[in-house]
């Protein structure tokens, strides 16, 4: 009889909805090595979290996160709060022997990230940072192909994560636009994803030169706005960020994140060029991977438009879903995260990306930040 | 306190997986007017259906479908069996006062479809045929736009539903390739979807001229193959089908369905051209709708690539899911079907596409079949 | 010392501009086996043809085409008039021993086409019908690939030639919309191109069932309009046309031509599906060929987006132009026609597509027309 | 009677072919304000230039460029040599009162460019640097739209010019890979184009931080290779280059040029994002411009795929060619350059991009170079 792992989720808004769905759905589509119980969901506002409990399918709700991290009934703590809470919660959880899945970026800064990784490592629990985009089937396929040498020596990692919601000056000053809660705004929020994909697919960053920027320095306060009034507050983080750099293996990196690209909704555009092939991916076409194979016959080479929806273990993850061509969506990336995480918890084995990955990511974020402040290159 | 509707599902394979998921997920993402209980799942093979019950989240399982249609505990019967069972099951269910959701095509032939619609109509229950593609957000948006006159007078309905799995001569002789179980092969299986979309978006077919064809007349028997042997059986239905026609409103229709288009996985490519605009849709990019607006300024007209992922009621259905650009998949179309169906059951109102739509569809299928046999045009 | 061939061109408007350019440019980019002299251009209106002579680079002009076909100085006659003049001119030219290049469709009807081919054959001259799209590099590459078996057994030829200029009811009644001058309107004008590509790439048509249609039956008279007045005239040919059919080799054909597809400007979209691969081409992206290779590794198959701009004989024709990725346009197809035609004239060898191809094309056009009139299938 | 301008062309290889074609073709498709005579073509190797003269359509050939710049018969000097010759030739030409069209980059360095601009300015001749991509119809349309405010306040200029020919380590050490002849390799060769487009469409660069890089430091010597032997030489310039920066108007710029992007042939990918709209262009689809209009109705916004092939002055330049949808190619950009240049010579008016533009471009190139050497930001 399979073991049952009880999950406590801290946070219940956008990411709470995505993670709850993943916990519910993973056992339906993957043969997990344990049963999963959606035990308790936790949030600061009692009414909100109670409504979420029912809507999202949890047995209990709580308003004090300590109940979750300390409960002897809970095996797994899943943290989806604003970034400023991650360190305290995760450290408390691992000290209590819980396996921890934590949203990205791992922490507000390198110091917190170091403490989190150290605590998790010491506690010998399974720890994972939720860079869900690693488990897009197309990205996992790219990883396999690169591992097999399909690209040869890699020359370029060129990436742009573009959205458009901050183009509107009326978009309110939410927690992602404030230093205390978000760390470094769009840089930590979405550049962290691209950095993770660069590290996963290509290699470690060695030196960087960045430019962090804030296009619109004041925005309406979200909470005041909610009450029908309107007052402006200061945006204390970058709302756009870019950097160039070198990786340890000599690859040139060009990375940009912005929420000022009208028409780009979740455009994570990644191109990797090597001596034998190139790949291109855009999240807005997440079921596709473009691949140029330099070994194809000379007169019929071209970027292949691979529809990554094949069945039966042909391509990573996606065979658990629907027939070829039928397509999956954003939420499935979280389900793949949960499936791998649960199995790792049962087996007591690490599962990438670990808190150490989260820490390394944080170091790149910090180096770019320092570079932008000082106007010069920074080595990692 | 909200009412609860109890569901019985007959069938548990591919469509059973998709429908079960829809019943589980609809209440999580839509504010349904009733609670939904996944009461009983039914299938002929006890072991299979018991495993499916656990995997797919049903309370009970059964091997005799009469238990479902006759049970006083069941409110809704959802039929996802091979086509040859639809009529008997659906008629029994409606006679017992059940609301019925039935997979497409509605029946093996027009006669069965007429009996089904008559019985459902008489029973005053809610009846719906699961042409799930109507509820792709992009298609629902196309419907809205056409309704608003964005295309003007329509000239062309040009559609091709292309897959590639029958290209392999070793693909076995399953129930879809036999007349007794499928009715008319690829014609009833996937042309029926395109006919439904044509009727939904453009108008009623008036006359048709078709060509049904079988490229590979013999295939290995699936059940024998399963036992490790190999024996060939006759394909008794078309494996490719096309027709041209006129609609009542003068629109020219060109419709094709095939499973011999290598590289096309679930390519439902539809183009509609009108005097004021055109639209193009391809299911393999199901989160997108292409729209050419003849009223845009002359020097900057072009097909708009609308990413149909906007939030908050901007576009149909999709705002219930994730932020813009984050995308949904195949399974979501069934969730949208279930959400609308449940609300219709509560309100006692019809919900399109009804059994009458299924019947009209069947008449088009039959007219094309007759046309192909007789080598001439057939009027509807 | 290379021979010089003197050319006489009859017609000077749209096609006159395209053909003149081809005669001027071919010697600059291809090593022709003869020099080419743009000797005389001919047209009915003296002022118009004189202006064209200077603008388009001809030595002399004439208003009577007999001067061209009878002149001992002329080696090649190039006919780009409205269709109703083709037969008389071409027959006179070949009887005078001229090599003839004639615009498509070859003739108004089968009878004329037969006479043209018979006369040209008897005269032992080089004769070619200008289906310029055969010499798009992407199409020529497709031909090579099909010849090499890259698609295997072919199942489908699916094509749509769509433009949008007739969507506007004010578009005037030009010669293409009148039976006497055009033969069969959009059917002979642009369906003939698709039929030619089908015959070139796939095979001979065996039986067809078609629907010819006229959406807008009356239009302003062009010549009256030119004088500032407005009078309506009857459209006496189809302005949209489609047919389904079988080829001799069992391939299913689906062909459509229309000028009512708003947003489609010169959308010649062709898909060919076979047992080993598929290709897709759209003239609006004429420098590209899409190719799906069923022999690629299972996890990384996808339509290749081949940019057909490689140098040095890698791909047909295009290496004579610019470096990879730099692209050519519409006019280049005519230059390729002229280059091959000139070399054939020097060598005295046939060059495809010959008048016989034009005749076979005409028979398909006629069969579709008869099928549409009689409402039944017609065998070729 | 129209004036005649006599042209002398210095250089006869790749660019000589493209410019000769432009001189021949411009009068055929544009109503120029003067006649154009292809008077003399000049090159160092007598046999080569004589062959080019005949093939490319010039009246005379010469081996000493002084004959061209000093000839009283010549009105226009067109310079298409390697970069190291530009300054001396252009200065001599303008001093002799010739109008000068000069290939890009204008010079080897800022000092040369300053002298060239000063001399041309003093001579009061018409001077133009051949950044031909400004006259792609899609780019000219983008310019018009930006000028009309269609993008609003601009936030981002994001560009990548990617080719793949240096991926092959056997690609020889040509003049573009040597400092003395090319200035700064791929940076001056193709980044200069992107810088020009940035300046043309968006604004002046204010500060930059760059990284110039050489992936393959040694390559076979081209001239030795031509003799059948093989000896390696040192690549003395960057073969890849990227920089980030700010423009004077606050726009963030991200620019990259490489010849190590396998599968990218002439991929000049440019995205500009503003508060009201975005545009995207890729030279490999040069007949298209993507435009996202933030003012379209909320439920049907999307990047428009504008086929920039409209007739009759609807869109810039392209109406002089073929009907909508018929497409032009690379060479046409040079024809547009020549057409505008000739008219400017007749009118005695400046024509963009002038030598001053070439000089400003050179300053950006130099600032990036300095930034890369010093590892810090450089202000312009």
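Letters A, B, C and D mark the chains in the order given here, with residues in each chain numbered from 1 onward.
Operating definition for what follows: a residue touches a chain if its C-beta (ideal position, glycine included) is under 8 Å from a C-beta of that chain, and two chains touch if they have at least 3 such contacts.
Worth saying up front: this structure is predicted, and the values here are computed from it rather than measured.
The chain pair A-D and the chain pair A-C differ in C-beta contact count, and the higher one is A-D. By residue number, over half of the touching pairs seen at B-C are also found at A-D, the match among A-B, A-D or C-D. Chain centres here are Cα means. That of chain C falls 35 Å from that of chain D.
Chain centres here are Cα averages; for chain A and chain C they lie 54 Å apart. One inter-chain figure worth recording: chain A and chain D are separated by 41 Å, centre to centre, where each centre is the mean of the chain's CA atoms. Listed for chain B are residues 264, 301-303, 307, each touching two or more other chains. On chain B, the positions that touch chain C within their shared complex are 155-156, 158, 160, 162, 164, 167, 209-211, 213, 215, 240, 242-246, 250, 252, 254, 256, 258, 260-264, 271, 273-278, 292, 294, 301-303, 375-377. The residues of chain D lying in touch with chain B in their complex are 141, 144-145, 150, 288-291, 293, 296, 298-307, 310, 314-315.
Per the touch definition, chain A reaches chain B in the complex via residues 14, 18, 21, 24-25, 28, 55-57, 163, 165, 264-267, 283-287, 307, 309, 321-332.
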